[in-house]
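Scroll down for the structure; my scribbles are underneath it.
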Amino acid sequence: MVDRSARPLLEVRSLKQHFPVRRGAFGKVVGHVRAVDGISFDLWRGETLGLVGESGCGKSTTARTVLRLLEATAGVVRFDGEDVGAMDDERLRAFRRRAQFVFQDPFGSLNPRLSVGAMLEEVLHVHGLAKTNRRGRAVELLELVGLRSEHVDRYPHEFSGGQRQRLGIARALSVEPDFLVLDEPVSALDVSVQAQVVNLLDDLQQELGLTYLFIAHDLALVEHVSDRVAVMYLGRIVEIADANHIYSEPRHPYTRALLSAVPRPDPINRDDRERIVLEGDVPSPINPPTGCSFHPRCPHFGKDEQCKGEVPILDTTRQGHFTACHHQDAVVGIRG
Amino acid sequence: MSDGFLVARRRWRVVSAALPGLPQLLTGRWGTGWTVLLTWLGCLWVLTARYERVIGALGGAWDQSLALVTLVVSLIVAWTWSWRDVSGSDRPLGIGVSQWDLAARAFSKNHTAVAGLIVIIALYLVALLTPLLAPYDPAFQGNLITERYVGLSTVHPLGTDNYARDVLSRLLYGARISLAIGFVAVSISVTIGTLLGAVAGFMGGIVDGLIMRFVDIVISFPRLVLLITIIGLFGSSIFMIVAVLGLTLWPGTARIVRGEVLSLREREFIQAATVLGYSKRRIILRHLIPNALGPVIVAATLGIGNTIVLEAGLSFLGLGVQPPTPSWGTMVAVGRDDLLGAWWLSTFPGLAIVFTVLAFNLVGDGLRDALDPRLRT
Amino acid sequence: GGSDAGIGSNDPFCQQVIPAVETFMAEAREAHPIPDEPRYGGTVVLGTIGDMPDGLNSAVSSNYTDAQHQQFVGLMTLINYDAGGEPRAYLAEDWEVAPDGRAVTFHIRQDVRWHDGEQTDAHDVAFTYEAVTDPLTAFPNAAFWDHYVKGPDGVEVVDDFTIRILLEPHADFMDPFRTLGILPEHLLGDVPRDQLKLHPYGTQCPVGNGPFVFAQHVPQDRWVFEANPAFPEALGGRPFLDRYVYRVIPEQTTLLTELLIENIDVYIAPRPDQAQQIIDNQNLELLNFSGRSYVFVGWNARKPQLADPRVRRAITIGTNRAEIVEAILQGYGQVANTGVPPFHWAYDPGSMPSLAYDPDGARALLEEAGWQDRDGDGVRESEDGTRLSLSIKYNTGNQQRQDIAEIMQQQLSAVGVEVQPQVVEWGTLLQQINTPDLRDFDGVVMGWVVEFKLDDIDLFHSERINQPYAWSGTDNGDIDRLLEELSITADRTEAMALWREYQELLIEEQPYTYFYFPDRLEGVNRRVKGVEMDARGEWLNIKDWYLDPASR
Amino acid sequence: MMEPMLRVQDLRTYFFTDQGVVKAVDGVSFEVNEGETLGIVGESGCGKTVTSLSVLGLLPEPPAQIMAGSSVKFLGDEIIGADEGRMRNLRGNKISMIFQEPMSSLNPVYSVGDQIAEVLRVHRRMGRKEARDEAIRLLDEVGIPAPDRRVAEYPHQLSGGMRQRVMIAMALSCEPKLLIADEPTTALDVTIQAQILELLEELSLSHGMAVLLITHDLGVVAEVCDRVVVMYAGQVIETGTVNEIFTEPAHPYTRGLLASLPSVTNSGRRLNSISGTVPNPVDWPRGCRFRERCPEAGDGCEEEQALVTLESAGRSSRCCKTEAVNLTGAG
Amino acid sequence: MTRYIIRRLLSAIPLVLGIATIVFFAVNLAPGDPTLYFLSPGMTQDVIEQMRINFGLDQPVHVRYLRWLGAMLTGDFGHSISHSRPVLEVLVDFLPNTLILSACALFVAFLFGIIIGTIQAVRQYSIMDSAMSVVLLFFYSMPSFWLALMLILTLSLFARNVWDLPIWFPASGIVSVDYDFLTFGEKVRDRVMHLVLPTLSLALVLTAGIARYMRGSMLEVIRQDYVRTAKAKGLSEAVVVFKHALRNALIPVITLVGLYIPVLFSGTIFIETIFAWPGMGRTIYDAIFIRDYPLVMAGTFFFASMVVVANLIADVLYAVIDPRIRYE
């Protein structure tokens, strides 16, 4: 099981990713999209951290910044103790053999002009792996993700969505990484197929001892696959805790609203459930509200001037369950 | 696979060995059938009717040798194509079909485009075979008094021109010049355009800005001024015309490629390539350019047509290919003065241009539909 | 009509001039009502491929059409020629030549008025003469004045209507006064001479004194002239036509179409190939007459291949020029052996040595000159291995010159001379052949338009060898001598002998391969009556053209 | 029992393409009663959208063709094969429709007010001013703040949730009898989805409007629907009330679907998944179309399956094992 | 918006200046100079020098360039050598003719292109679709001068002299010679008659391109959700196509306005020559041959500016049609 006393595999500290907004012919910077605005978390070897939040809250950006597909605006990402931002080309290549990405869109993430075999063999070639029998290794990888050897000559468009997602996973696994960032890997799939992929990921983790950063907006799914869950809102983590904790006793009003908004496939009890319908939309990350960025939509009765004026920081004092809310203890007072 | 089918296959092979294209015609596949059959028969006709020239070409000038090689190659290609076609393919349907295959399939369903392609292939064949085909030397002047402006006749199927030269022969030789100008100029412009466009799109920032400003200048630049200067400074020659056309036509391609690269750059498979630790060079050459190539191929096809028309325009201004070299453009431009008297002088080269360009445009349109996965149904 | 003058109405000069013309014309119309005669009235439209670059500004123009309009339409010349080429009175009523031939005195008509009402007098003539002989003006046909005393010293205004001009004796001394349209001193007298070229007078608001009054010029499109009611009765009075429109249509197929659909009445100089179309149309008539131009290939004798006159002669007789005239000109022209044109009194081809097509003779000449095909490639080489390969240049857009080059290529290859036709854009070509230290050509197909006063000094005199037009680089003492003598011989019979001798030398020397004197062809709608055209020009008697009344 | 408002019977819609005949909808029957909310669930590509578009006659023909024998009755009138004029009069008037992608279902170049007003002007023959006022009222009704300002805005100026509200306002403008909502919340975030679903529920109550809700999210169905139609491979495979479907699913596919949902029935880490993928609509498997993926497949599954009506009213299943299951359950 | 336009114009200045500079050196480097054009026998080298001085050509190229630049910045484009007039006056004469012709051609081309493209898209794969494509491509494939001549022969010469049609068009010029004497109505008719052939020659070539583009764009648009929405609202097909789809489909087609202006301007060289249309294309063309430097410079400068303006117009139209685009 996960050993939390050891040094984390991934340490993220006050990570920020601000995209400049440019205007006009000369590209004057008129503001910034604060896509990720100072988040910190740790990820231990072998565990799965779920990252949830509404669309546009910065999940993908976090993932891409962690893997240095984007240069961080501020903050540090340490992988196995090494500062990812400071790596030179050589180290970066080594890092990329250990940390891989699985994308959301099963249609856009595969080069349509390369056959599956060519795609996998190219990776192996670039990293000098399986020099003697690349094709054999490619077939092995396919079988690892539950595809068959005869698929090796096919092209991406000849696969179904679920199969394509498996190809994406096979590609990520081809470099034998320790750590996978999964950016909504099943959102585009049907429920029945979704379960297949989730199971596959689960099996691989067991087998290969992988570490996952699992991004999703389906809370039920995240609960199912994650050891710990982090909830993001407008570029910040508002709550992070063990999966069962967060679902049984959510502390942040946003988490609670989010959980209550998830439709439950349980028609019998549907009228008894507490349902919190948030008003309005997620504000723009260019001009996030002052203080607690959730305060304009917050249904908490204790909402006050402090919420408007002061940014709540993630309270790390409580063992294993951190919340960024000024009123996290007064959990009772939420308008239904 | 049933035995009956294999027997049928063997039988067709025999037929196709004797007369390539016939099996296809008998099974109702007119396009392939006629193409193969006519190519075959045409080549045979050249072999027999132009027997001396074929012999002469054995040790002749480079263009004669090229014509000879073309003749032999087309014979072989026609024959093997028909053979392999009736032999069938062993690859199971629907497996390992690449995007190119899909495009080819979609294209082959587009009848007008296929017709265009056949015309183009035929034209290039004719152009290559011209030294064997043309009834006369294109520069040979007959008797100026008696053989000038002779209308259509069996001796001169398309009549003679103001120097009593054979229009048909000139038309055939003109095909070489016009098609070559189109092909070479477009090759130059597409190469430049693709490279600059890809670099601009991938690098972004200042490089992009500079390249695109340059593109703006070239697009708005009056080409004629450039032409006169260059022709004035270096003399007018086919080489110069090709160079000028090639060097001024690339901005269109550059813009297309840049746009395509910009959108591809955001695609997840390019990001995947980055995460997999691929070098920039590999990403550009193996992942970006092949995916951006579709529109370029379309632009190139359409570009060849446009260039042929442009060359005609230059000829009208007197800036075209040096006489007596026949290009279709010069033939139309020169013949236009006699439109009322000797209509055949400009009409035939004019129609040749129209149909060639039309063929290129049909193929281009067909390719556009076939190569764009969004338009493929 | 023609109320809105096409252009230039915002130029201060024109703003001042136009109202004056309008006022005077209104008065003149009052004073000279249109005679009650059916020939009067109507508009004739004439189409041609080019605009008149300098219009009526005779001091700066060298263009053929410009000159015709200065002579016959808008301005008046002192004299003009009758059909026999003999001078007759026009603006000058009369003239006397000093017995030593060194002065001529003109008596100017007193009934000629500028179109703004001012009288035309001797001061105008003096002004014009001084202007065109002043180097600052850069009069383009400077050679005209070679035999005249230039500048103010050469002209004396005896009284308001009498003027004396000093000159050297010459056989055709009157010719410049036939071509030079007299300009109004009262309008142009103050213009600095070096600004005359750019002055709005010529193209924007010319004020003349000729039979037609300028009404409108839309550049690149049309000139409109109206009848001048005040034109001296003694010279025939007002023209029959009300208006005459000169249209610019740069494409010859369009021109022919416009003639065929009767949108224009006269098509100036159709191509010989178009002649048949005009003949076939019963509404049209094809006029043809011997023109004043000749077409030739000028050889650059500075080049080693061309240094030997025998080579040049071989080329000439190796080219079937008669066939070319027959084919290219459809017979509308005559083979030329020298630059003396058929209309000229010195023209006498019968007495000349023949240069008929003779390929064998050509081969023999070349052998004799040491050019033999030594390597069997069909092209002759000299002893040191120089190939007898010549490029012949011609300018873009001129089909007949291209024809010559291409046919020469074909025909000369039969005698072992390789010819490469090369088309060069006009400006570039002029630079290549005219720049004395460049002369980048072997042969060049060109044409000259000549006046009645022939003068080849600029072309062939060795003193001019470094001037722009000495293309051939001829350096032949005999030719020099003859050219000099010709320029001072006033007596025509004497001159005639000299001309003959000179032409024989030319045939010997072959600085040019003379090709032909093309006929001028004109397509004219039959509704236009009274049209006379000959070497003197197409506009010769435009004053007397009239329209078939039924067609108006 | 009274005549249902919409009765779809043996609807078969095929696409004639180069690849072959796509039997997208292949014998679908169901009915929608006055005021009820009927959910249609099924995997992607099973024919939900094509079914709804067939009802409104919005499919491009060719390549689509509604096969003979299909019948769609609205308020007792057959509307398959009805002329264009009659269909136009139904669309947006008696039957409205909202689509999955709020981002792309509004015309980007016209203001939202114009687009709502257009319906009113076509069907209600309202004047310009009147229609605009009504549009503002509708925007207000669907909960858009400051509707008089928003009415002049363009779709791109609105968030996804708001656009979907605009679509709803447009759909409601003529007080339709039936609202077809094709995955109206799939593209939205959960919190916004909750808002929209609540709005739909409210409106259908207050307007007495029947709703045909198409979705692939079983959770949504459970939250808002009265009855459910489950589709698979172009066919209806099970119908029933929402409670029946969720508590005692009759078809193995429905059972598999429910089982593959995380967290509800799955206690362990492993989800129960349905193996394989949806078959190709050009070439449906013969017999039971679910057979290849069905854990309970056995004898009799090679036969073409019929929709069998089960004991309770409006409940049916397309599985030859269903009766057996029920019998054992009963016995 | 105004600020945007001004900024765009300002940022185009380097472009236009860049082009003008290159052109300046290009024409000046080309062999020959205008004096050659006026040369004739008897003119000595001195006279030529005198003429050079009269034309201001006695300075080295870079000095002339700086002078030209300085003068141009004060709005002085110099004196045209071949027209003996200030260049600006020449432009004022010719530019309007070219603009009228181009505008008509552009209008006709877009009108037909859009209509045909729309019909083709709506009836995709029908006989009409392919027939229209082939017919348009046929015209598109012709060298424009040849097309122009064909039009003259058929619609002018044969129509009158051979087929005796009631209507035939004049083959050249802007107006008839008796234009000044016509009534207003006749004047309008006369102008239109003269416009028909040149406009057609220019427009037919462009129409094919526009229709092709329009067809593609329309095909994409009619598959969009909002078109389905419009149908679901109960709108008739005409309203759906011409109100909802057309405006969206026009958005990408608008760029062609900017793209086609240079094409159109080079087309005018041929068309103006053949139809004797006194316009800018022909004038610049002649000026290049005569080495009338000031006129070439000014002409190119205006053409380049026109291209810039056309692109700007395209962008503004963009914003007019597409509310998502707002410039500030």
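Order of writing sets the labels: A, B, C, D and E. Residues in every chain begin at 1.
Methods note: a contact is a pair of C-beta atoms (placed from the backbone, for glycine too) under 8 Å apart; a residue touches a chain by one contact, two chains touch by 3 or more.
This one's a predicted model, so the numbers in the text were calculated from it and none came from an experiment.
Visitor: Take subunit D out and leave the rest in place: which chains still touch each other in groups?
Guide: Contact components excluding subunit D, positions unchanged: one piece.
Visitor: Could you give the fewest steps needed to travel from subunit A to subunit B through chains in contact?
Guide: Minimum number of steps from subunit A to subunit B: 1.
Visitor: What chains do subunit C and subunit E have as common neighbours?
Guide: Neighbours common to subunit C and subunit E are B.
Visitor: Of all the chains shown, whose C-alpha centre falls nearest the centre of every protein C-alpha atom combined?
Guide: Chain E is the most central one.
Visitor: More C-beta pairs touching across which pair, B-E or B-C?
Guide: B-E
Visitor: With chain centres defined as C-alpha means, what is the inter-centre distance between subunit A and subunit C in Å?
Guide: So the centroids are 89 Å from each other.
Visitor: What is the distance, in whole Å, between the centres of subunit B and subunit C, each centre taken as the mean of its C-alpha atoms?
Guide: 49
Visitor: Could you grab the centroid distance between subunit D and subunit E? Build each centroid from C-alpha atoms only and quote it in angstrom.
Guide: Using C-alpha averages as centres, the distance is 54 Å.
Visitor: At what distance in angstrom does the C-alpha mean of subunit D lie from that of subunit A?
Guide: Result: the chain centres lie 32 Å from each other.
Visitor: Can you pull out the residues of subunit C that are in contact with at least two other chains?
Guide: 253, 425, 427-428
Visitor: Enumerate the residues of subunit D that touch no fewer than two other chains.
Guide: none
Visitor: Would you mind writing out the residues of subunit C in touch with subunit B in their complex?
Guide: Going by the criterion above, the answer is residues 252-253, 256, 271, 273-274, 276-277, 320, 323-324, 326-328, 396-397, 399, 402-403, 406-407, 409-410, 421-425, 427-428.
Visitor: Applying the document's contact rule, which stretches of subunit C touch subunit E when the two form their complex?
Guide: Touching subunit E: residues 1-4, 7-8, 10-11, 43, 45, 53-54, 62, 135-136, 138, 140-144, 146, 194-195, 197-200, 202-204, 218-222, 224, 245, 247-251, 253-255, 257-258, 260-261, 263, 425-428, 430-432, 434, 436, 448, 455, 458-459, 466-469 of subunit C.
Visitor: Show which residues of subunit E lie in contact with subunit C when the two form their complex.
Guide: Those in contact with subunit C are residues 30-33, 36-48, 50-51, 53-54, 79, 82-85, 89-90, 93-94, 149, 152-153, 156-157, 160-161, 168, 170-174, 176-178, 180-181, 273-276, 278, 282-283, 286, 289-291.
Visitor: Touching subunit A in the complex: which residues of subunit D?
Guide: Against subunit A, the touching part of subunit D is residues 43-44, 159-162, 189-195, 197-198, 216-223, 242-243, 246-247, 256-258, 260-264, 266, 269-275, 277-278.
Visitor: List the residues on subunit D that touch subunit E in their complex, please.
Guide: Result: residues 53, 56, 58, 84, 87-93, 96-97, 99, 101, 104-111, 118-119, 122-123, 154, 156, 167, 170 of subunit D touch subunit E.
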